[in-house]
Each structure stands twice: as structure tokens, then as C-alpha cells.
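Alright, structures below, take your time with them.
Look at the two complexes coming up: subunit A is in both, with subunit B in one and subunit C in the other.
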Partner chain A sequence: MSWCGLDEQSFHLCCQLLLQQSEQLNDGWSWEVVQGSDEGYLKKTALRVVNINPSRKWDLEGLNSESETQSCQDTERDQSAPVSTDDADDFKGNFDEEVVEDDSVCSEAAGSSLVLQYEYHILFSCSYSVPVLYFRAFTLEGRSLSLEEVWSSVHPNFRLRLQSSPLNTITLQEHPLLGQPFFMLHPCRTEEFMRPVLQEAQHRHRPVNFVLTWLSVVGPVVGLEVPLKYCTLLRPAASPD
Partner chain B sequence: MADDKDVLRDVWFGRIPTCFTLNQDEVTEREAEPYYLLLPRVSYLTLVTDKVKKHFHKVMRAEDVEEMWFEYEGTPLKWHYPIGVLFDLHASNTVLPWSIIVHFKNFPDRDLLHCPSNSVIEAHFMSSIKEADALKHKSQVVNDMQKKDHKQLWMGLQNDKFDQFWAMNRKLMEYSTEDGGFRYIPFRIYQTTSDRPFIQKLFRPVSADGSMHTLGDLLKEMDPTALPNEGGQKRYQVVIHGIEPLLETPLQWLSEHLSHPDNFLHICIIPTPTD
Partner chain C sequence: MASGTSEAASSAADLKLQFAPFSSALEAGFWHQLTQKKLDDYRLDESPKCIKGYYYNGDPLGLPTRLTLEFSAFEIDGPTPARCCSAIGTLYNTNTLDAFKTTDKKALLEKEAKEIWEAIQSGAALKDPSILSRFILLTFADLKKYHFYYWFCFPALCFPEGIKIVQQPSMLEQVFSAKQVSALQEAYDGLCIKRGTTAVPYFIMKYTDDAVQMAALEDWDAFFADTKKVTVGVYDPCTLSQHPGWPLRNLLVLLAYRWGSKLDTVGVLCFRDRTLQGSRSIQHSLIFQIKLPELLHNSACPKSVGWEKNPKGAMGPRMVNLSECMDPKRLAESSVDLNLKLMRWRLVPSLDLDKVVSTKCLLLGAGTLGCNVARTLMGWGVRRITFVDNAKISYSNPVRQPLYEFEDCLGGGKSKAMAAVDRLTKIFPGVNAEGYNMSIPMPGHPVNFSQATLAQAQRDVEQLEKLISEHDVVFLLMDTRESRWLPTVIAASKRKLVVNAALGFDTFVVMRHGLKKPLLGQGVSAGADSSSSCSSASSSSSTPAGSAPTVPGSSLFSNIPGHKLGCYFCNDVVAPGDSTRDRTLDQQCTVSRPGLAMIAGALAVEMMVSILQHSEGGYAVASSSDDRMNEPPTSLGLVPHQIRGFLSRFDNVLPASLAFDKCTACSPIVLDHYGREGFNFLSKVFNSSHSFLEDLTGLTLLHQETQAAEIWDMSDDESI
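Right after this comes the complex of A and B.
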């Protein structure tokens, strides 16, 4: 079984490539340097409109057993399943979201909709040799979201799977470079779910940007969409298969 | 293998006499007496302060009580660092008992992690052990353990049971004789003079030529300003569990004997007192 992690140098190369593409696509990523060190991280901020139903607090302790072997690959597939508005009723209306793409959007969302400011950071974990997604979210008044509120803004399809994992997957942690509380998607399974993707790419002799591919898997869980255009930019000459 | 068992015991049973005082701005129904405790260095503030909470709740109305947090001389104390690290970093070379201020409102959530229950501490602790084992053994030891083994590590810490903890923890300290040490040493270097919370990178216990890396070697690479300058003047103290180990001490030995229960070697760099 080959090791499918990433070393720090490759991480920086992947980030540089992602930054170049982000610039072309106007996707808003930037590189932040930590003062007095050679380290840094990718950063992006975005506005999200989220409907949070306060009557439905998620019980973090109560859900524990579904399938622990469920890989994040499966979660990715679930994401493509369309959610009709009828189905949404089954979730007791606790999720509804749209990404604000231009200034003209922000009105209709009914009920207790909230405009939230999300800040996403991508850091390198030398312990696990993989990238890690940190994020925090504020209301427009500057109040930071609690862990419960963050969970309730995660799509129910993801939520059931994630909360069955050993470390609850989204936790509040200290940002290792800033020392401030951030939410984090735990990296201990990343290498495992990236392995088949990388092996397939190697098999087909296709270039893969580890950070970009990984981000397209974990980002949507917390509302961070990765435009498909990144992929078409990456290999403009690829045959359609 | 860890064999200097006395050292392990001394580390485990290290205590800090502490005086908890209620923040002056809290609303109370009558005067709040200070509360004294011997805090275990290797534990976490929120894990060992139930009595402190109860003590102050008695003089407060329920509606004036929010999540408890701690402060030392204006610095909010991060419960997710081991108690000994907080003391060495912020209060070394001060008079005992350690004087901590207790707050029940205005939780500084831009500085501190919330700690609503012991299960949050457990998750944090197990996550550190996992990360340390990723560094030491590519996660092989911790992944081979069963859920009850993980529980044994946590219960050992929570209930202050040295034997229960070490019966399991010794597995996390093993390595093959041909390797001569762990894959990498799980360490964190803290400095109050830096905005950065800590330094954590990859560092091997054995050098390319086969000699054992020392504490001095680690600092030379990670934080050279911590070492005495060319004139031999010592500007900083390098403190682990309240003592200054010799810089010539092999890092592998330190990792096996002076790591906290979370399996990280926490190293504090503090300015040498001038008086």
C-alpha cells in the first residue's frame, strides 16, 4: 500500500498553482504569510446565506454508530444527489443555502435566514502530511457561530455520515499559526480517501493538484464550492471521458 | 522502552499549588472566598476545576453564571494546553501559590476554545495522542488499539491513575532497536514573546550519521534565539515540567520520559529573570 500523502514542498507548489488559477477565475484565494516565519496558508472569504432552524439543535452525542467505515468518497457522491424542495421538508427545514454570487441576490430567503461571513484557511499538517481546512463563520454583526450552529448549516446528507466518525470530524481547534479558535475538518482520514483518487490519476497518467482535488471533496461540506473550471483549466487538452 | 519509572512517576504526580479568586466584576450575593487547589501539571484546567465552579456558584445567582474561564495577569488561559505548560509559560519565577482569576461572563471566544463538557476535553486529548502517533509510528500503534484501550488512556488521565494510564501508554512509547527511536519526535515549542502559539515541525531523534539528536540540536534548528548567544549569555530558560533539562539530553529520552500524557513534548522558552 503506497503512501499517498504530501510533503510540505509539494503542498506549496499545489497552492501556487491553485492561486494562479484562482486569479484567472476570480475565485478569491490569497496567500497569507505568518509574520517572522517562512510559513503561510491559503485564505478565502465568502458570504453564505444559510437558513438555520433553531428548533432543531443537533445532538452531537446521540449519533454515533452508523458506519464508521464510510469513507469520504461516498460522501462526495452523495453531494451530487439532487435535493428537491419536497425532500427538504423531511429535513425539517433545517438547511437551505445559496452562495451569494453578486450584489443583486440577497433578499428572498424565508424564515430565519442568515447572511454569514465565512473565512476559509488551508494549512499544511506536517504530522499527517496532508492539507487541512480551517474555517470560522460570523454573522454580519460580528458574532461568531457556535459549533452547534455550524453543524446545523452542514447539509443533512453529510451530517449523518460525518457525525458517525470517531472524532466528530468538525471540531473547534486552535489555529496552529494564529492561535485563535477555528473550526477544523479533522485530517486523520484524508490520506485514506485521497489514495484511490491519486492511484486512478497515476494509472491514467493525469496530473493531479492534490490540494485542489482534496478541496473539491471536503469544501462543499462547509459551503465552499470549487468551480469545475479549475479542472478544465488544469488540463485543457484532456480528452472527454 | 521507557525504563526510568521514577521519572515517569515524578512527572505524573507534579502539582502546582493554586489560588482561585473570583473576578471582581462578577455579581455575587455575598463575598466569594478564594479557593485553593493542588493542580496536576499533566491535566487540563477544565478537567480538574469542578470544585472551583461549585464553590463560586454558591455565592452567585444562576442567571449571572455563564461558561467558566480562567485568567492570569490579563492573559486568558487556554484550557487545551496542559496545566504545567500554562504555568511554566506564564507564571515561572513568580511566587506560589499561582493566582488565577475565575470568570463567569464575557467569554473571550476570539482567544479561547469553548469547553462545554468533559467529552470535548477527551476528544482534544485523543486527537493529540493520535497526532503524536502519526509522527512516531505512522499511526500504526494507535490504530491497532481497540476502543477500550483508547478509553483506558483517557480514564487514566481523568481519574489520575498512573498505572492504568501507563499500562497502555507504554505501547505508544515503543520502537524497534534498529530504528533507535521514533520516526519523528512529537514536540511543541512555546514562546510568550511570539504571536505564534507554538512551533511544531518534523524532527528526527537520530541524525543522518546515526548519533542521537539532543535538546540543543532541536532548538538550534527550530528556535536558535533560545540558545545562549556567543558570549555565553543566557537570555532564555528552556523549561519542561518546571525544570531546565541539560541541552545535551537526547531528545528520544526526553520524548519517552518528559512528554505529557498527550504524548507531546511541550517545551517552554521563557526570558531569564533579570532580578
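Right after this comes the complex of A and C.
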């Protein structure tokens, strides 16, 4: 077993299996088909609450210059904002005095935490013969996070370790099927870290869902949890290998 | 629990039921799709459009109650994500910001509220209760700036007196036995299967100690025929422990309208259904009892509320700037930068990219070398690139000069400097490129034919002086030797870093000129020169330039500090003259192997980048071929004085040489004359034969003394 990649057909089988399990576990994975083609990808969306420390909000890598951090904050402020105060009166127009007093609204607010929407896609990379995790994160306004912001949402202790590990390969790439900018975990090291897992599994004659096993390694890096129940509950499930 | 305070507050307020409003949540794909729709379909059509959102009752604690719109929002008949409830909305996309501002929001809300009210009156809402959770979205898409203005409204009909709570909300598990909870879950799943969906927004239920029954809203009369104990269920997207979410509001209006006169209290189940780590739970659903207010059948449409507050908590629209992720030019810029950052993150952590990207580069010559240098500079993310060239593009150029095309040669040919700027901007709109179609006066090429030619030469010199002052690095990329003389003198005088590339047939030289020590005091010569006296690298260096460390084992040609290095002319024993008249092999570079310009052009830029990475910039000690095994002085490696390449042997060597005190370009006497006399001195050089400079610098004397020893750029026995 020298080559530990995956062919496209096995990829699809693994995905189908994962989908069945996800259905049972209500884990939210779905298969999305690209309009006008027979290509598709696994998709899941998830929400994460990021607690913001305002002074270090988008502190990139923890080793950045002051100015860079500053400019990131400025951008953030600039990019998703209520319409500026100058315009506020303008915008209300015929509206403000008509606002009905509504005492049936609860005033419990979410606080100063930031809610981020994450969208995860699993695609097959023909060139590397492995699955690839694409993802993007955006605010509730729909503004995508920059790579710096994505890094900043990773805990600093974790971040430093990640950046020196083989998983430190988050890059911005055009989604091969959607054509929109996404981040991806670069697949150049995937085979390398999958090899021992697969070899061990083969040694013990245990079935392995390549996509699931791979996902449980790379997912947590970008906040995607893979419930242990995939493994414990569903052990008897058939494996395409 | 945090709910303790709110509980106290609500009991003081006579136990009125309060609802958690929806927060709008837009996925990036929604804005992409709206942009496409606006460009392809809607264009200037402002009429209302039907769109679809969804909400979910399985959020973990702490998330806001959301109505989500994704890219599929425009496909009304498309699928809704599993276990989510869809909500139908009306999109009003205005053509102008002004129309967005002046749209009558109150009227929009009232119109929608009236439709809901009519559906309640007619009974349509019973059959299809999804009309109770309709929404409005008002947008203006500024597709020039990729700014999106938007305002959501979730219309809710109001009871004037509010809704009285009879029994406080409790978690389901505190009221129901485990058996009842699982019976409820089964009943709900059964209802979903019966209706062929994965989520039911509204339902009715009744229960005993060991059974739970559920039915659709429209089956009300038959379902509750045998009981007075009425419980309604709502698929509840809220996670607060004391409050139901928004979708319950209009349902209660429906109940009050149809059964308010018969019912006193109603049980409400806020059905919440989450799966964490593969374990499903509905125990945290809320259950409570309210007193249903009465609504007269002939009453007018109740007043309505629902416009969403902005992030400041005020009534107003929101704006999101998506230029970073939607404007193709911004995408190109961020991708270029990202590529470079990856180099730093993954391979060279100490790489100072800002120093490179912010360097202002002046390219003298926009031919084979100039084109290749410009492209490599763009690869490094350099934004400010200025071309100087006086030639037009000819038919032979495009195949060797990668910034030009056949079309550029037609009609006499475009100016190279201008065409290069256009092409750079096409390749990467983020570049800040300028072109100057001008000649550089040269020694031995007289300018004194007339007053006009003299005045033109003076203007050209002034322009060149100005350009050199305004840039950080000067690239000498011309095709004649003598045209490099004037910029060498000016740049040496202004203490600017010079990178010089010259081609033979299958040999090239790429070199940095020695950077003279900073002038003492300011404005001695070239007073116009601003603070950036040399490269940004050297200006940030704290060590005074010239105090080069003495390294053991130094010989004459090793460890030469940057300020003692020679220039292109230092190795010459003849002054530059008209090379189109007395050509020597070394001096002409129009005929060269085609790959050579790409190699030399790329090396010129890479040399600049390595110099910039050195803490002393242009004052860095010259690395030589012998340093190849030593610890490199920068994160990128060596900082040589010269790279001499021999294509026939596919080999490069890294010689270093000292500045020559009789150099015709950078010797003190030349710089001194230029500093004192300026253009008068230069015009004498232009108009005289080469003996003028040779006499001035003492070369003539040297010639006589040394019997014209033949000295090539490099002797044959120099080691490789």
C-alpha cells in the first residue's frame, strides 16, 4: 500500500456513506449538485459565536505590526456598519414618528459576541486524488472574512501550533465549481498524514471511510466538529474500501 | 441563570408575553446571486420579487433567532434545508440610493400586514400557515462600489393590550415525563412524515400521561372536538429560556381571531429540536400558558410592527461593503498579496514584504529588459512602476518584449513607455504605472545643434532628475552603454540605489551600483532630493552606513562594503561615447539569445529584493561566489555586487569590484562637477568627444601610463 490516495468513484461512495450517517445523526451534511453539470460537493453550514476582545479583535498571527492590526480593524468597521449617522435622518424619512411602540419585543440581546456563519464544502481534487475542504466564513451581513480574520478566530495557542504543522496551508482559492472565492486547506500534505492511519487500519483489517477519517483530522482546524458518534454508533456500516 | 432578571422584570410588567425578534442573516452567496439577478434579470425593474428564506429550531444556546437567506433565496420552488422552515418574502430592490431612502416603509409594512390579516380572515392562513411568517426585504445594490444597503421587516400584527401569561414558560422536561417527551417527539416526526416534510412550522396537539397526538392547524375543529384543553405548537427558532421567537406572534392573532371567543387559556409549545454530537434533544422546548385576547371579527387590521433594528439598536437600514470579496480588481489585489504572504508564512517567515511592495521603481528602458523587469516586479507585488523610453514598438518587438502585441506595432507603432503602462494596468489593475516618452541625453551625442535642441535636452535632464528623486530604485535597462551614463551620475549624486542589467550575445551582467555614503548636511547638491535619500531599507538601518564590519580573511575583492562598490562604468578605461559609431562587442546588446533578457531581467529584480531584505540595504557588503557556502546575510540569501552569466556554459559568477577613482560616471570629480555646474557640465559632456571625460577624470593620463593594457570586464583566470 504505497499510494494512499482515493479515486473519484471511491470518493463518491465515501460521501454517500457519510451522508447516510449524517442523516441519522442529524449532522447537517447535504450533497449539492452544480446546476447544469453532474458534479457536486458535500456541504454543511454551521454557526459559531466568537467572543471578541475588542483591542485584539483581528490580531493576525499574534506577530503582526501595529499598523496591520489597526488597518484590519478599520476595514472591519468600514465594511459592515449601520448606515452612517449623517444619513440616518435621511433614511428614516417618513418613518420615524410612525414607529409603533411595541412592548412585546424582548430586549435580551446577544451581547458583544460576534456570530459567524461557516460554510464547509468537501470536493474531490483530481490532481491530488484526495478530498479537499473548502470553506468560507461570513458575518450575518454576508461579508466574507479575510484570511487574517479567519486566523484570528482561531485560539492563539492553537494558532501557533497550526502554523507550524502540515495543516498550516489555508489559502484563498476560487471554488472550482462555484467560481466564488473560498478558503481551502491545501491538499499537498493530505496523503502524507493519511498514510499511517490507512496503513494501520489495513493492518488491523478495519474498514475506513477515507473522507470521514480525513475530515475528522482537518475539520477541527477550521472549527468543524465531527461527532465521535460517526464512529461509535455506526461501526457496522459498510466501507467502500 | 441570566434569565433570573428578565423573569423578575416580566412579572412586574403584569406577565406580558415578549417575543425575540428575528435577526436577518445573509450568506455571502445571497449577495452574489442578487448581483447576478440585478445584472441579468431585473436590470431596472423595481417591481417586487418573491424570495425565500428559512429559519431553524436546532441552534445551540446563545445564538440569535435568525432568518437566513442564501444564494438559493431566489428559487422559490427550490428545496429548503432539511429540518428548516421556509419563509416567503418580498424583495424590493431599488435602482437608486435615493429611492431606497424615500421608499415608504410604513406603507410596505401595512400592505404586507393587510395581506396576512386577510389570509387570517379568509382562512387561507389555516391551510397554509407559512403566510404567518412572511418578511419584506428592501435593498439597494451599488454595484460600482459593491455596497449593499438593506433593511428587513418581519411583519407582526399586534394586540393593543399585549398577551397575558397565565403560566410561566418552563422547559419541557420539567413539565413532561420522559415518556411524554419521547411520545411528543414521535408524534412530531409522524406529523412530518404524514405531511412529507422535515419540519412543520405550526401544529396543534393534545396529550395525556402516556400519549401525545398532533395534527395540522387546519384540522382544529375535529381534533379538539372532545377537549377544552388546547395546546398549539410552534416551530421555534429562539434559544432564550423565557421567550418565544417571532413566528408565534401572528399565530396567536390567528387563534384569537378564529377561536378567541371560545377559548380562555391556550397552551403553547415552543418546539425546539437540536442535535449535539449526534444526540437529539427536544427536552429544552418551552411550554407555557397564555390568556388569548379577543379580536372582533369585524375589526380592522391590527397595527403592525416589524422593521429590523440596525446593529446600533436604532431604526435604520444596514449596509455591507463587499468590495473585498466581489470587486474583481480587489480580488486580484488580495490574491497577489496573498500569494506573496504565503511565501512568508510557509517558507521565509522573516521576509519583509512591505519593503518590497512599497518600493518605487524607475525603469529606464522599456524593451526586452524593461518588459521582463516590470513583469517580475509585478510578481513581487511592487505597485509603483515608471517607464522611460523614447522608442516606438516595431514589428520585431512583441516576440521578445512580453508587454507588447502585434496590434501595438501598427500605424507606425505605439510609444513603448505608454503601451507598457497600458499593458501593466490590463494585467493587474492595482498597479500604479506611469510612462514617459522621452530621450535620455548621452555623452558624445551633441545637443547643441540649436537653441531648441539644447532647451529640450535641458528639460529632459530636469525631468530625469525629478523622476530619479521620486523613486527608490533606478533600473538601467537601455540598449546602449552611453545612455546609462546620465542616470548613473544623477542617481549616484542623489544616493539612489541603481540596479543595472546589460546583455551581450550570450552573456549578461546584472549589478548594483555602489551607493555613495550619505551627504553630510542637507542640500549640498541635489537639494530637491527628499527624505528618502536611498532605499527604504537603508534609511531604516540604524548603523551608520559605511561602518562595514571587518570580517576575518578579507582580501581586496571580498567584503567590500556597499559604499565602496563600483558602478557600471568603473571597470571601463574608456569614457562612454557614440556606440552606434564605434561599436565593440561588449557595448552593444541588440543581438542576444532570446532567453537572456528574461534571465537577466528576473535576476535584476531578485537582486533588488535581496538588497531590500538586507538590514543595510544598498550599503550591504557585497557577497561573492565564495560566500555561497556561508551563512547568508539575508533571509533570501546572498547580496552580490554583480551577477555575470554565461549562457554558453549555463553558469553564473558573483564578482565584486571596487569603485574606481577615475570612473567617468561615479568618481568624486565627476559628481563634484555635476553638483556644482549641473546642466552646464552635462551639456559639455554631451557635446564633446569622449576625451573630455577621460581628461577630466585622469583616464587619459592612465592610458598613457599603462600602455593600454587590455582589461576585460573579468579576467579569464577568475575562479568560478
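The rule is short, and it goes like this: the second predicted complex is superposed on the first by the 161 of 241 C-alpha atoms of A that agree within 3 Å, B and C clash if a C-alpha of one lies under 4 Å from a C-alpha of the other, contacts with A are read in each partner's own complex, and residues count from 1 in each chain.
In the analysis below, contacts are C-beta pairs under 8 Å (C-beta built on N, C-alpha and C of every residue); 3 or more make two chains touch, one makes a residue touch a chain.
These figures come from a predicted structure and were not determined experimentally.
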Winner on subunit A touched-residue count between subunit B and subunit C: chain C
Report task. Report for A:Leu172: first if it touches subunit B alone, second if subunit C alone, otherwise both or neither. Result -> both
Quiz item: So, does A:Leu114 touch the first partner subunit B, the second partner subunit C, both, or neither?
Solution: neither
After the superposition on A, what does A:Leu17 contact: first (subunit B), second (subunit C), both or neither? neither
- request: Identify the partner contact of A:Cys231: answer first if only subunit B is touched, second if only subunit C is, both if each is, neither if none is.
  value: neither
- Query: Of the partners subunit B and subunit C, which touch A:Pro181 in the superposed model: first, second, both, neither?
  - Reply: both
**OP:** Classify the contacts of A:Val34 with the two partner chains as first (subunit B alone), second (subunit C alone), both, or neither.
**Re:** first
Answer with first, second, both or neither: which of subunit B and subunit C does A:Leu47 touch in the superposed model? second
TODO: Applying the touch criterion given at the start, work out whether A:Ser127 contacts subunit B, subunit C, both or neither, answering first, second, both or neither.
DONE: first
- Task: Name the contact category of A:Ala201: first (subunit B only), second (subunit C only), both, or neither.
- Result: neither
Footprint intersection on subunit A (subunit B / subunit C) at 144, 146-147, 168, 171-172, 180-181
Within the complex, subunit B is touched by subunit A residues 34-37, 61, 126-128, 144, 146-147, 167-168, 171-181, 186, 188
Interface with subunit A, subunit B side, in the complex: residues 78, 80, 109-114, 119, 123-124, 126-127, 130-132, 134-135, 139, 186, 194-198, 200-202
Subunit C residues touching subunit A in their complex are 6, 13, 16-21, 23-32, 58-59, 62-64, 66, 68, 81-83, 101-102, 104-106, 148-149, 156, 158-159, 162-163, 240, 242-243, 249, 275, 277-280, 303-305, 307, 310-322, 324-325, 331, 334-335, 338, 342, 345-346
Within the complex, subunit C is touched by subunit A residues 25-28, 30, 45, 47, 49, 75, 78-83, 87-88, 90-96, 98-100, 102-110, 113, 115, 117, 119, 136, 138-144, 146-147, 163, 168-169, 171-172, 180-181, 225, 227-230, 233
